[in-house]
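First chain A sits with chain B, and in the next complex the same chain sits with chain C.
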Partner chain A sequence: MSRWLLARIALLPLLLLAVSAGTFLLSELVPGDPVDFMIGENATSERKSELRAAYHLDDPLGERFVRFYAELLSGELRSLHTRRPVIEILAERLPNTGRLALAALLVSALVAIPLGTLAARKRGTWIDDSSMLVALVGISVPSFWLGPMLIIVFAIGLGWFPVSGADAPGSIVLPALTLGLGMASILTRITRASVLETLGQDYIRAARARGLSERTVVVRHALRTAAIPIVTVLGLQLGALLTGTVITEEIFAWPGVGREIVQAVRSRDLPMVQGSVLLLATIWAVVNTLTDVAYAILDPRVALR
Partner chain B sequence: MGSLHIAGPGPLAIALIASLLLSCGRPAPPDDELVFLIGSWPTNLDPRFVPDAWSEKIAHLVFSPLLIRDPRGELRPHLAESHEFASATEVIVRLRDDAYFHDRTPVRASDVVATYRSILDPALGSVKRLSLDAISDVSEVAPRTVRFSLHRPHAPFLQVLASIGIAQESEILANGTAGDVLWTGSGPFLFEEIDTGAHLLLGRNPEWFGGRVGVEHVRFRVVPDATVRSLELLRGSADITQNDLPPHVLDHLSASPDLVVETAESTLVKYLAFNLERPPLDDVRVRRAIAMAIDREAITRHKLRGFATVAHSFLHPDSWAYAGDISVLRHDPVGARALLDEAGLPQPADGSARLHLVFRTSQDETAIAVAKILRRDLAAVGIEMELRSNEWGVFFADIKQGDFDLYTLSGVGINDPDWYSFVMHSDSQPPSGANRELYDDATMDALLEAGRSTSARGVRATLYRQVQHLAARDLPLVPLWYQHNVTVRGADVQGWEMTPGGGIDALAHTSKGAGP
Partner chain C sequence: MSRRTLWSRLARRTTVRVGALVLALVVGAAVAGPWVAPEAADACLLERELETPSLSHWLGTDADGCDIAGLLAHGAGLSLQVGLVVVTVSAVLGTLLGLLAGMRGGWVDRLLMFVLECFQAFPGFLVALSILAVAPRPSVGLVIAALCVSGWVGYARLVRGQALLLRESDYVLAARALGHSEGHIAIREVLPNLVSPVIVQATFGLAGAILAEAGLSFLGLGVPPGTPSWGAMLHQGRSYLLVAPWLSIVPGVAIAATVMAFNFLGDALRDALDPTLRGSGN
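Up next, the complex of A and B:
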C-alpha cells in the first residue's frame, strides 16, 4: 500500500502541472482585457500600455508562463486588483469553504444513510417508495431555489436562523442544508442499492441464522460492506463541495473560495483565477487519493497495488 | 426478521434542539450600529487605489478628500477650507485647521502632497493615476497650503480633488509602493474590523472635524444575491442598502411598514449606442427612427416601476449646463416608419423585416428584460432585432472592438459636462475612451476642447449647451433615462440623505432610533 500511495503522490505534481498549464492557456483565450476592469475606459492608451507593462501582460506567452510558475512557487503570485498574494486570499477563504463542505457532508450522510438503509430493509413497501420519491425530489430541486425557500421558511418565517452570512450563530445551518439535501438524494439511492445487494449475501443469512438481532445484522455487518460505494460517493461529494459551492456561497453570502473565483473570473483577475484553480485541483487530487486509501481500510479485500 | 427500530428523540433532546434554534437567528443590529448591505466586496480600501465603486465610497468615510459633493451634487470644501484657481493652470488649496488623523496628528499639506505624489508614482501602479493626468506637480506652499500645477487649463480638475481621500504622509512613507492597505485617515469613521469577503466594521471617529458622527459603528455586509439582500431587510437584520435591488423587489419592499423606500434623481444615465460604421446606422434618419420607435415613457413607468425618468440629455436638468431647449424625441412609430421609408428602407411587401440589427447586452436581468421590450418596439416599425446577451467581460470586449449594431450601457457619475468628451470626442475612440460608436465631428471636438479649457462657468455652460444640441441633432447616442438612486432603509434610520452620484457620505450623520 505504501508503494502505491507513494506512486500516487509522485503523480500529483505532474497532474498539477498539467492543470496549471491548461488553466493558464485557457484564461489567456478568454475575451476581456484585465486592464479595462482595472482602470475602465476613461484612460489613455498610454496609461493602459503603462499598466499592461507594469503587470507584464504584453510579454510573450512563454515568458509569462515561466513568470507565473516563478511567482507561484515563491508565493508572490498576486491578485491584479488587490495586489495581495493569491495564497493569502485563498487561505482566508478556504477554512470557510471547508467548514461548509464538512457540514453539508454531515447533513448528506445523516439523511441518506438511515433513509437508504431503511428503504432497502423495507424494499417494495410504501416506505421504500416514499424514500425514493424524496430522493427524486431532492435531486430535482436546484440549490438556487432551495436556498431562498429555506431562508423564507426558517429565517424569515420562523426566525430560527440568520438569512445569510457566516458570522452569526447558526449561520452554517441553512447553507449546509441546501448543499447537503441535494447530495443526500444521490447518496440515498446509492446506499439503498448497496445495502440491498449486501443483504442478499450468504454471510448475512448466516448472521441471521446465528440469531443476531436485525439491528446488529444491518448496522454491524451489512452496512460495513455496503459502505465502500457510499464512501466513494462521499469522497466525490466532498471534492465537489470543496470546489463547487459557488451558487450556495452566493445565495448565503458565504465568504468561501467559490465566490472568490467567480469574482475573479468576472473581473478577469487572471492570477487569482489561475491560483484558485490550481488550489481546487490539488484538493480534488488529494481527496480522491484519500478516498482510495479509505477503501482499503474499510475492506481488506480491496488491495491497493 | 425483526424490525429496525430507530429511537425517537426524547423530551430532553427536543428541548435542547429548541433552545439551540432560538439562540441561532441573527439578532437585529443594536441602535448604535448601522448595517449597510452591499452586493460585492470592496477590493482595495487604500485611498490611493480604490479600484471599484464600493471601495471608493467606503474609503471616503475613512479618508476625507479635499472637496466633497453636497446633496445637490455641487462641490464644496471638506478637508479643504478653501480652493481657488490662482491661474488657468494653478489651483491653491488651503486646509482647515481643525482636521486631525485618527491618531490625533493634524492633517498637513505634506500629507496631501504625499498622497498625490504617491499616486502619481508609476511604481505604485495605482489605477487612480490616470485621473491625475492633468497634474504636472503638487507642492507644499505652507504647512496648510497646497499648490496643484496643471499641464494645461483643465476645468474639470476640481472633480479630482473630490475623488481622492487623503492618507498620512508617515504611513505612505512606511508602506512605500508595496500597495499595502493604509489605515489612518481623518474621516468620520475609522477601520475597526475587516473580515475579507464577509463584513467590514467601521467605528466612529470622536474627533471628526465635521461634528458628531451619528452612530458608533457602521457594518458593511456583503450579500451578493439581490433577493437575499431584500430578505435581510425584511427580517430587520440589516438597516440600509442603496442602488442594489431590482425594481420588482423594490415594489414588494415598499409594502412593508418597517421599511422606507426612498428615491432621488441621479447622474446615472442609461443610453443606447449605434455603430456609425455600419450602414444604414450611418444615416441619422435611421438612428432617429430607432429612437422614435422606443416607448421610453412606458418602459420607465412599467418595467422600471417608476424608478427612472426619461432623459433627453446626458446632463441632468438640475445641472448648470443643461440645455432646457433641447429637442425632445417622443415615441412616434408612425413617424419612425416614415423616416425609414425616406432613408430607403421600405417595408417589404412579404411582411418581412426591413432591417436586421444585432443588439448586445450583458446578462443583467433588468438589462435583458428591457432589451426584450426594445425588440418589441423595433419590431413594430419593421426592424428585426437579434438579442445577444453575454457575460460582462465578453460583452464589453466585443463592443469595444465594434462588434455590435446597437447596445445599451449606463453613463455613471456624470457630474461635469466634460463627460461628453469621454463618449463623443474623436480622440476618445477605443482604446482611449468610450466613443465606441466612432462618432467624429470637428465642431463637436472644438466645442468640447473649448469647454474643458476655461473655468468660467457661464462660458462653459454656453459651450456645453451647444454640445447637447449637436448631440441631439446627430444622435450618435440616445440618452434613454435617468436611473433613480434608490435607498431601502429601516423606518428607524434617520438623517440619511441621498446625493445624485449615489455617494454614502451621509452615513456620517445617519442614526437609528432617537438619534445620537
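Up next, the complex of A and C:
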C-alpha cells in the first residue's frame, strides 16, 4: 500500500515534466513557420527574420526547450500582445476560475445529493425513474446551449441576473448553474447507486431494527458511508470543471483562465496558450493524483490492483 | 446472450425507442439534407436575414439569410461524420494498444500506462483546443484528428484492464495448453470478449465526440467558417440572443437530442450487456 502510494506520488513530477514538454512541443508539431503564425504570411522577410532572432527560433530544439523552461520558471514567459508575464496574467485570472468552479460544485452537490438519495429510497417508483431520466437528459444538454438559454430567460427575460461579467452582485449565479447542472446529472447517478448499495447492508437493517426513523437511518447512517464514492467523484469533477470553465467563462465573459485561453487562441498568442494550458493541465494532474491517493486511503483494495 | 434476446431486451425500454427514433430522424436529415435543401449551404439571401419561422422557412433564417432547417440537415451530416470517424479511429487504436499492453504485460504494459497517464494529464477538450490553436488553417479533418489525439485513451485503458483479467481465465489457459500462439489467443479468444464493453463505450463516445465538435465550433475554433455545423450555428446565434433567440434554440435542441439519444442507447446497451447490472434498468 505505502509502496503504491509512493509510486503514485513519485509519478507526479514525471507527469508534470511530460505535460510541460507536451505544451512546448505544441508549437513544434505544427507544420509551417511559427512567425507566419504570429504575424501572418504576408509580413516582410526582414520583419520575419527580426522576429525569428527575437524568439530564438533558429536555435536547436534542445536549446529552445531549456529556454522555455527557464522562462517558464523565472516567470519571464510573456504574452505576445501585452508583453506582460503570462504567470502574472494567470495569477489574476485563477481566483475567478476557482470561485466559479467551487460555486458550480456547490450547485451540483445541492441538487444531486438530495435527488440521488430520494431516487434510491424510492427505487423502482416513478420518482426514481423520473430523476434518472432528468439526470440522463441533463448530461446531454451542452453547457454552450444551457448558458445562452439561462441568459434568455433569467437575464434578458426576467432581469434577475446580469448577462455577463463578474462585477455585479449575483453575476456568478448563471455561470455556476450552467457549469453545475451538467455535473449534477453525473453526481445524481453516482449518489443513487452508492446509497442503494449502502441501504442493502446489514448495519442499516440493524439500525432499522433498533427502531430508528427512516430519516435518521438514511441521513445519519447510509449517507455517511455512501459519501465515499460521492466525494471521490466530486474530486474528479473538480478537474473536469476546470476545463468546463473554458466554454462557460467564454459565454458569460467571466474573467478566468478559460476565457484567457480562448482569447489567446483567437489572437494566436502562443506563449499565453502554452502558459494557460500548462496551468490547467498541472491542476488537473495534481487533482487526479490527490483523488487517487485519497481513494486508496479510503479503500485499500485500490492499491492492491 | 443471443442477439435476439439482446434486441428484445433493448426494444422493451422506452428510452431506447425514443433514442432510436431521434437517431433515425438525424440520419434521415443527414442523408436527405443535400437533396431536400441543396441551397442551404450555398444560396443564402441577405435580404431575408433573421426571418421568423414561416411556411417557406419553417425554422426561420439566420443572419446571413440562410434557411435554418437546411443548415440543420447539413449540420446533422457533419456531426455524424465527425462522431463516427473519431469513434472508429479512437476505438480501433485504443483497443489494439490496450490489447497489446494487457496481453504482453511487463515493460510494454508499463510504458503504455505511463503514456496513458501523460495523455490523461491533459483534459481532452483542451488538447483539441490547443492543436486547433496552432494549426495553420481550420478544417473538418483537423477537428477530427484533434479529437482522436486523446480519444483513444479511454478505450486503451478499458481494454487493457479487461485483457489483464481475461488473460488469466480458464479458457485462455486452455487455449495456451493447446499450443495456440499469443497472437492467436489475443485476436481469436480475448478480443471477441472485449467487443461488448468497447461497443458500450463507443456509443457514449459518439455523444462525446459530437458534443466536443459542437463545443469547438461554438467557440469559433472548430470547423472553417461557412461549414454548416450545429456548433457554428450556436456560435452565430449568440450574437442575436435578444432579437432572434430561435437561432440558438434550434441547433441546441438538435445537439441535445442527438447526444441524449446516444446516451440512452449506451445506457441500455450497458445494462443489457453487463450481467451485474441486470434488473436495475428502467
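By our rule, the second predicted complex is superposed on the first by the 260 of 305 C-alpha atoms of A that agree within 3 Å, B and C clash if a C-alpha of one lies under 4 Å from a C-alpha of the other, contacts with A are read in each partner's own complex, and residues count from 1 in each chain.
The rule is short, and it goes like this: a contact is a pair of C-beta atoms (placed from the backbone, for glycine too) under 8 Å apart; a residue touches a chain by one contact, two chains touch by 3 or more.
On a predicted model such as this, the values are computed, not experimentally measured, just so you know.
With chain A as the common reference, chain B cannot sit beside chain C without a clash.
When the two structures are aligned on the shared chain, A:268 is found in touch with chain B and with chain C. Within the superposed three-chain model, A:26 lies in touch with chain C and out of touch with chain B [touch as defined at top]. When both complexes are overlaid on chain A, the residue A:148 reaches chain B and chain C alike. After overlaying the two complexes on the shared chain, residue contacts for A:229 are found with neither chain B nor chain C. Once chain A of one complex is fitted onto chain A of the other, the partner contacts of A:250 extend to both chain B and chain C. In the superposition on chain A, A:173 makes contact with chain B only, not with chain C. With both structures placed on the common chain, the touch criterion links A:156 to chain B and to chain C.
Contacts of A:89 after superposition: chain B is touched, whereas chain C is not reached.
In the superposed model, A:98 makes contact with neither chain B nor chain C. Judged by the document's definition of touching, chain A residues 30-32, 36-37, 148, 151-152, 156, 250-251, 265-266, 268 lie at the interface with chain B and also at the interface with chain C.
Within the complex formed with chain B, the residues of chain A that make contact are 30-33, 36-45, 47-48, 50-51, 54-55, 81-83, 89, 92-93, 114, 117-118, 121, 148, 151-152, 155-156, 159-171, 173, 208, 213-215, 218, 250-253, 255, 259-260, 263, 265-266, 268. By the touch criterion stated above, chain B contacts chain A in their complex at residues 1-6, 20-27, 40-41, 43-44, 49, 51-52, 122, 125, 127, 129-131, 133, 178-179, 195-199, 221-225, 227-228, 231-232, 234-235, 237, 391-394, 396-398, 400, 422, 430-434.
Put simply, chain C touches chain A in their complex at residues 15, 114, 117-118, 120-123, 125-126, 129-136, 207, 211, 214-215, 218-221, 231, 234, 237-238, 241-242, 245, 248-249, 251-252, 255-257, 259-260, 263-264, 267, 282. If you check the complex, the residues on chain A that touch chain C are 11, 14-16, 18-19, 22-23, 26-27, 29-32, 36-37, 128-129, 132-133, 136-137, 139-142, 144-145, 148-149, 151-152, 156, 239-240, 242-243, 246-247, 250-251, 261-262, 264-266, 268, 270, 273, 277, 280-281, 284-285, 288.
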